[in-house]
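Paired with subunit B in one complex and with subunit C in the other, subunit A is shared by the two complexes that follow.
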Partner chain A sequence: MRTTDVIGFCRRAVSGYPLRSGLMLLAMAIGVASVVLLSTLGEGTRRYVANQFSSLGTHLLIVLPGRSETTGGPPPMMGQTPRDLTVQDAMALARSTAVRRVAPIVVGSAPVSVGSRQREITILGSTAELLPIRHLTMAQGRFIPTGEVSRAEAVCVLGYQARKELFGNRSPLGRFVRIGERRFRVIGTLTQKGQSLGTDTSDMAIIPVASATALFNTESLFRILVQARNRDAVSRAKRNVQEIIRDRHDGEDDVTVITQDALLATFDRILKTLTLAVAGIAAISLAVAGILIMNVMLVAISQRTAEIGLLKAVGATHIQVLILFLVESTLLSLLGTAAGLLLSAVGLLVLQQLFPGFPMAVPWWSPAAAAATAVATGTLFGILPARRAARLDPVTALAEK
Partner chain B sequence: MICLDNVSRVFQVGGESVHALDRVNLVVEKGNYLSIMGPSGSGKSTLLNILGLLDRPDEGTYCIDGRDTTALADDQQATIRRYKIGFIFQFFHLVPRLTAADNVGLPLVLAGVDPKERRHRVNEAMDRFGLSSRAGHRPDQLSGGQRQRVAIARAVIMNPTVILADEPTGNLDRTSGDEIIQAIESIREQGMTVIIVTHDPNIGSRAVRAIRMVDGRIVSDSQGQA
Partner chain C sequence: MIFRDALKWALQSLAGQRLRSFLTILGIAVGIAAVVLLTSLGEGVHRFVLGEFTQFGTNLIGITPGKTSTTGVSGAVISNVRPLSIDDAVALSRIPRILETVPVVQGNAAVEFGPRTRRTYVFGVGAAAPAVWQMAVAQGRFLPEDYAAGARAFAVLGSRVSHELFGGSNPLGRRIRIGGERYRTIGVMAAKGQMLGFDLDDAVYIPASRALAMFNRESLMEIDVLFAAGSSADKISDRIKSLLISRHGSEDFTIVTQTQMLDVLGSVLGVLTLAVGAIGGISLLVGGVGITTIMTIAVRQRRAEIGLLRALGTGRRWVMGLFAIEATLLGGIGGIAGVILGTGGAWILETLVPKLPTHTPMSYVILAEVLAAVIGLLSGILPARQAARLDPIQALRAE
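Take a look at the complex of A and B:
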C-alpha cells in the first residue's frame, strides 16, 4: 500500500466523522496550548524578575548593616546591636580597585509641601553616584551635584509621581519645596520608571546624603549600594567590602553583602524549575487527551467493525489494518497539535493585549515538547486500538451490521 | 480450480459442538457457475467463508489453483484473497465515507497499484457496470441496486479467479435483484468462477451447477438448466 494512499485513507477517516474528530482535536489542542501558554507565563515571570533585578543596577552589591547569621550557636548573653553603617564607611569602600561606584543611602519619610499642597513622601539621601548605579534617568534639570559628601546642600531631585502631585503640570525647576522644616530647591526631576522590587523611585525625593542625615538626625545608613567594576570583579568587590568594613568596625563582621547576581541566579533557578513543573502539569492534560484518543479510536473500531472485516476480505493484511488505524490516531494527534499551536498563538495575542507590560516569551522548548508529547501519546495510545482492529476476525466483523 | 477435501468446521455453541461443515468434499472447475442452497444453519455461509479464506477448516484441506491454503499464514491468505478472490455481500459492505469510485478502487489501493493505472481500471469497471455517472457519489446517495453494482465492480477489479457472492440479492427488490444476477452472470464471460449462496430457488436454478446443503453436508449436487 502506498504511503500517500494510507494518508489519504486516514485523512478521509478523520474528516468522515467530524464530531468525533473535532472533539478529539479540541482536547488535544487544549493540552498543547496549555503546555505552551503555561510555560510562556513561567518564562515571562522569569524575565520579569530578571528585568526587575537589572533595573536595580548592574554588577550591584548591597551592603546591609547587621549580620544575618546562618550558623547556629547560643544566643548572645547581652543584647548586641550591630554597628551602624556610616557615610564614612561608604566612602572608604571606594578605595577598593574592584569597586567602581559607591552610593550610601539614607531613607526616611517626611512631609513635603509646596505652598498649600503637602504630601508624605519617601526621602532618599544619597550621592551623585546613585544616578548611574540605579540606572536612573533625568527628565529635567540635573541630579545631585558631585563634590564634598559632607556638604548638606539644600537641593532635591523629584521622582515622576512626586513632581506630578506637588507641581502638576508646572515646571518645578528652581522652585522650592519644604521637606520637614527645611527648604530645598528643586534642581531636577526623574523620568517615569517602573516599580523595582519594592522601592518606587517615582514617588520620592532624592536629596544629598548629608542633608538627609541632618534631616532625620541620624548617622546610620539604610544601606550602601556598591557597583563593581565589571562582572568578574563582583566577588572580589564583595571580599574587599567585607575586609574594609571589618577593619573599620574593629574586626567585627557586622554587615551583610548581597550580590545581585547571586540573588538573580537563585531566582532564575527557582523560576526555571517552576516553569518546567507547570509545563509538566500541563503535559498531564496531554496524557489525558491521549487516553481520549484511545477511547475514541476504540469506539471508532466498534463502529467500523464491518469496514475492518471488508478490508480484510479484499486482502488487507494484519499489518495494513494496524498501520491504517495507527496512522489515523497519529494524524488526529498531529492535527490536534497543529490546532493547539494555533490556539496558543491566539492565546498569546490575547495575553499580550491584556498584560502589555509583561515580557511574554515562549521558551523555545515548549512548543517542541508539547508537540512531541502530543504526537507520542496519540500514537502510543493508538497502538492498543489498532492492534484490536488488526486482530478482528473477518467473519464476525463482516457479520456486524 | 477449487478443491475441498474432507473439510470440517466445528463451532462450540453453549458447550455443545455443532458441525457447521461435516467432511465436505467439493471440486469446482475454473469458470464454473455454482449455486449453494439450503436452509438456514445448513453450513452454506461457513462453506463460503472457508472458500473465501476468511475462516479456516478444523479438518481437511482446501486447495485453490493447486495450492494448499490450509497451512498458510494469515498474511499469505490475505494475499490470496487480494489477488484470487472477489466478495459480494448481502449488505454490500461499502465504506460509507468513500465515493463509489474509491470503493471500487479499494482493493487496488491495498495492493499498492499505481494511481494512474488505478484510475484507468476503476473507470473501466465503473463503465462496465453502468456506474460512470455515479462515480463521485457516496454509498448513501446510491440505490440498493447501484450499491451492489459498486460491490460487484470492486469484486472483479483485481481480476480474481473466484467470485463469492453471499445472498447478493437478499437485500434488494425483484427488479434490481435481476439486474444484479445478470451482472454477476456477465462476469463469467471473463472466465471467473462464480459461487453464489442463495435462498432464492430461481437464482439457484440458473446456475450451471446447484448444490444443496443440509446440516453441514452436501445432500445434492446437480447440473442446472443454464
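Take a look at the complex of A and C:
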C-alpha cells in the first residue's frame, strides 16, 4: 500500500460523513483557537505592562526613604523616617558618574482653586529634570525652570485633567491659581498621558520642590527618581546611590533603592506564569476534543467492520490497518488544528478592532504548542480504535454483513 | 407513552452502547471537573483574602486625610495642608455607638537594643489599637491611655522584633532606642502572622503623638474607628462626616467603611473567579459538541427504530423528546461525574498543597450540574430535530 493510497482512503473516510467530521473539526478548532487567543491576551497584557514601565522612564532607579529587613516583604511605601531624605541628598546623588539625571519628589494633596472653582488634587514637587526622566511632554508653555533648587518660585505646571477641570476651554497660561494658601502662576500644561501604573499623571499640579516643601511644611522627600547613564550603569548607579546616602546619613543604611528592571522582571515573571496557566487550562478542551475523536473513530470502526474485513481478506497486514486508522485520526486533528488557527486569526482581527490600543501579540510558542498538543492528542486517542480495527478477524468481520 | 417509559427507553439506549456513552460522558465530566476545580480555587482564594481583611474585625471605619473620589493611596496621606489630628480622633470617640478610635501614623525606623539593630515598621497608635485591630498582647501590657501632649515614651514590640532584638531574654522594662529616641518596652504582641505578604509581627507600636514628632509630621495617616456591633455603618459614617466637617470647616477627608472595602474586593475577586471558570468552560463547550456528534450518529443508526416508533403512532414531539432526554441524561451523568472529579481534585489539591485554599460551595455544585444538563439538552436539540423530521415509511425501509 502506498502513502498516497493511505491518504486517499482516509480522505474519503473523512469526507464521507461531512456532518460528523465537521463537528469533530469544530471541537478541535475551538480548543486550538482558545489556547492561541488566551495566550495572545496574556502576552498582550505582558507587553502592555512593559510599555507602562518604559513610559515611566528608562534606566530608572527609585530611592525610597526607610528600609525594611523582612526578606521578600514590600518596601516601605509611606516614606516616613526619623531622618529625612532631603533635597540636598538628592542633589548629592548627581555627583556619581553613573547617574545622568536626578529628580527629587515631594508628594502631597492640597485644594487648588481658580475663582470659585476648587478641586483637591495631587501636588508634585520636583525639578526641571522630572520632564525628561518621566518622559512627560508639554502641551502648552514650559516646564519648571532649571536653576537653583532651593528657590521656591511660585509657578506651577498643570496636568491635562487638572487643567480641564479648573480652566475648561480657556488658556491657563499666565493665570494664577491658589494652591493651599499660596498663589502660583501657571506656566505650562502637560499633554494627556493618562494613567501609568495607578498614578494618574493627568490630575495633578507640578510645582518646584522648594515650594512644595514650604507648602507642606516638610523637609522629607517622598521619592528620588534617578536616571542612570545607560543600561550597564544601572547597577553601578545603585551602588553609588547607597554609598552616597550612607556617607551623608552618618554611615546608616536607611534607604531602599529599587531598579526599574528588577520591578519589571517581577511583573514579567508573574504575567508569563499566568499566561502559561491560562493556556494550559484552555488546553484541557483539547483533551476533551481528543476523547470525542476516539469516540467517533470507535463508532466508525464498528460501522465499517465489513470494509476492514475486506481489506484484511485482500492481504492488508495488521500494521497496515493500524496505520490506516491512525492516519485518519491524525488527519482529523490536523484539519481541526488548521481550522482552529484560522478561527484564532479571525478572533484576533475582531479583538484588534475592539481594543485598538492594546498591543495584541501572538507569542511564538502558542500556535506551535496548540498545534502540537492537538495533533498529539488526536493521534494518541486514535491508538485505541486503530488497534481495535487491526485486531478484527477478517472472517467474522466479513460475515457481519 | 408516559414520561417514565421515555426515561427508561433513553437509559436503555445509553446502556446499549456502553463504551460510546462512557466516552461522551467522560468528555462532559472533564469539562465540568475543570470548571468546578477552577471555581473552587477561585472561591478559596476569595475567602482567604476576605479572611485576611476581616481578621481586623468587620465593624471598622477608616478615615484618611484628603478628599479623593478614586480609591487608592491619595497623596494627602503623605503630606497635606489640612491635617487630620489626634484631637479629631479623640472627638470622634465621643460619638454615640462608637466604641474606640485609633489614630495611626506609619513609618520606618531603626530599633536598637545594645549592639543589635533592626530596621522595621513603626506604628504610632493609641491605647485602643488591640481592641480595634483584634490583636492580643502576649507579654506585659499595651500602651496606656496617656494624654496626647504628655504621652510617655513606652513601646510595645511585635513578636518578630522582640525575637530579633532580645532572643530568648525578657524584653519587658528594657530601654531601647527607636529612631534615636529612648523608649521603655512595656509589652510584646502575640504573633499574628503575615497579611498578603506584609509581616504584621515585624513592627513596633509607640504613642501616636510621639510618632508624629519623630517623623516631623502634623497629620495622622488614618483614624480607625470601631463601632458597636449591630449599628449601621452608613449611619455612623454620616455622624463622623458631620462632626469632622464642623471641626474642619469643609470635607477634606475620606471615609471608607470596612463593608465598602470588602464589597469592592469581593466584586473584583468574584469577576476573577468567573473569568477562570469561563476559561474552564471552553472544555464544556467542546464536550457539548461531542454530545451533538454522538447523538447525530445515534439518530442515523437507529432510523429503523424511530420509524417503528412513528409507525406505532408516537408523535413527532415524543420522538424529539426521547432524544432530548437521552442527550440531557448524557450531560447530567457527565455533570455528576465531573462534580465528583472536581471536588475530589480540589480536596486532593488542598491536602497536597495546604497553602492553596480551595472551597467548593454547594451552590456551585448544583449550578455545575444544572449547567451540564442544560448543555446536554442544547446539544441534543439538533439531532433530536433530525430524528423527529424522519419520514416513518422511509425510516422503516432503511433496515
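Following the convention adopted for this analysis, the second predicted complex is superposed on the first by the 383 of 401 C-alpha atoms of A that agree within 3 Å, B and C clash if a C-alpha of one lies under 4 Å from a C-alpha of the other, contacts with A are read in each partner's own complex, and residues count from 1 in each chain.
We adopt the following convention: a contact is a pair of C-beta atoms (placed from the backbone, for glycine too) under 8 Å apart; a residue touches a chain by one contact, two chains touch by 3 or more.
These numbers were taken from a predicted model, which means no experiment stands behind them.
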item	value
First, second, both or neither for A:V395, with subunit B first and subunit C second	first
Broader residue contact with subunit A after superposition on the shared chain, subunit B or subunit C	C
Partner chain in contact with A:L311 - subunit B first, subunit C second, else both or neither	first
First (subunit B), second (subunit C), both or neither touched by A:M294	second
First, second, both or neither for A:V278, with subunit B first and subunit C second	second
First (subunit B), second (subunit C), both or neither touched by A:F222	second
Which of subunit B and subunit C A:P18 touches, first, second, both or neither	neither
Parts of subunit A lying in touch with subunit C, wherever the complex brings them together	19-20, 23-24, 26-27, 30-31, 34, 38, 65-70, 72-74, 76-84, 106-111, 120, 122-124, 180-181, 198, 200, 204, 215-220, 222, 252-254, 278, 281-282, 284-285, 287-289, 291-292, 294-296, 298-299, 303
Residue ranges of subunit A in contact with subunit B within the complex	1-2, 4-5, 9, 12-13, 15-17, 306-307, 309-320, 394-395, 398, 401
Touch list for subunit B against partner subunit A, complex	49, 52, 54-55, 74-75, 78-79, 81-83, 87, 89, 91, 93, 95-98, 106-107, 109-112, 115, 154, 158
Of all residues in subunit C, those that touch subunit A in their complex	19-20, 23-24, 26-27, 30-31, 34, 38, 65-68, 70, 72-82, 105-110, 118-121, 160, 179-181, 197-199, 202, 214-218, 221, 252, 276, 279-280, 282-283, 285-287, 289-290, 292-294, 296-297, 301
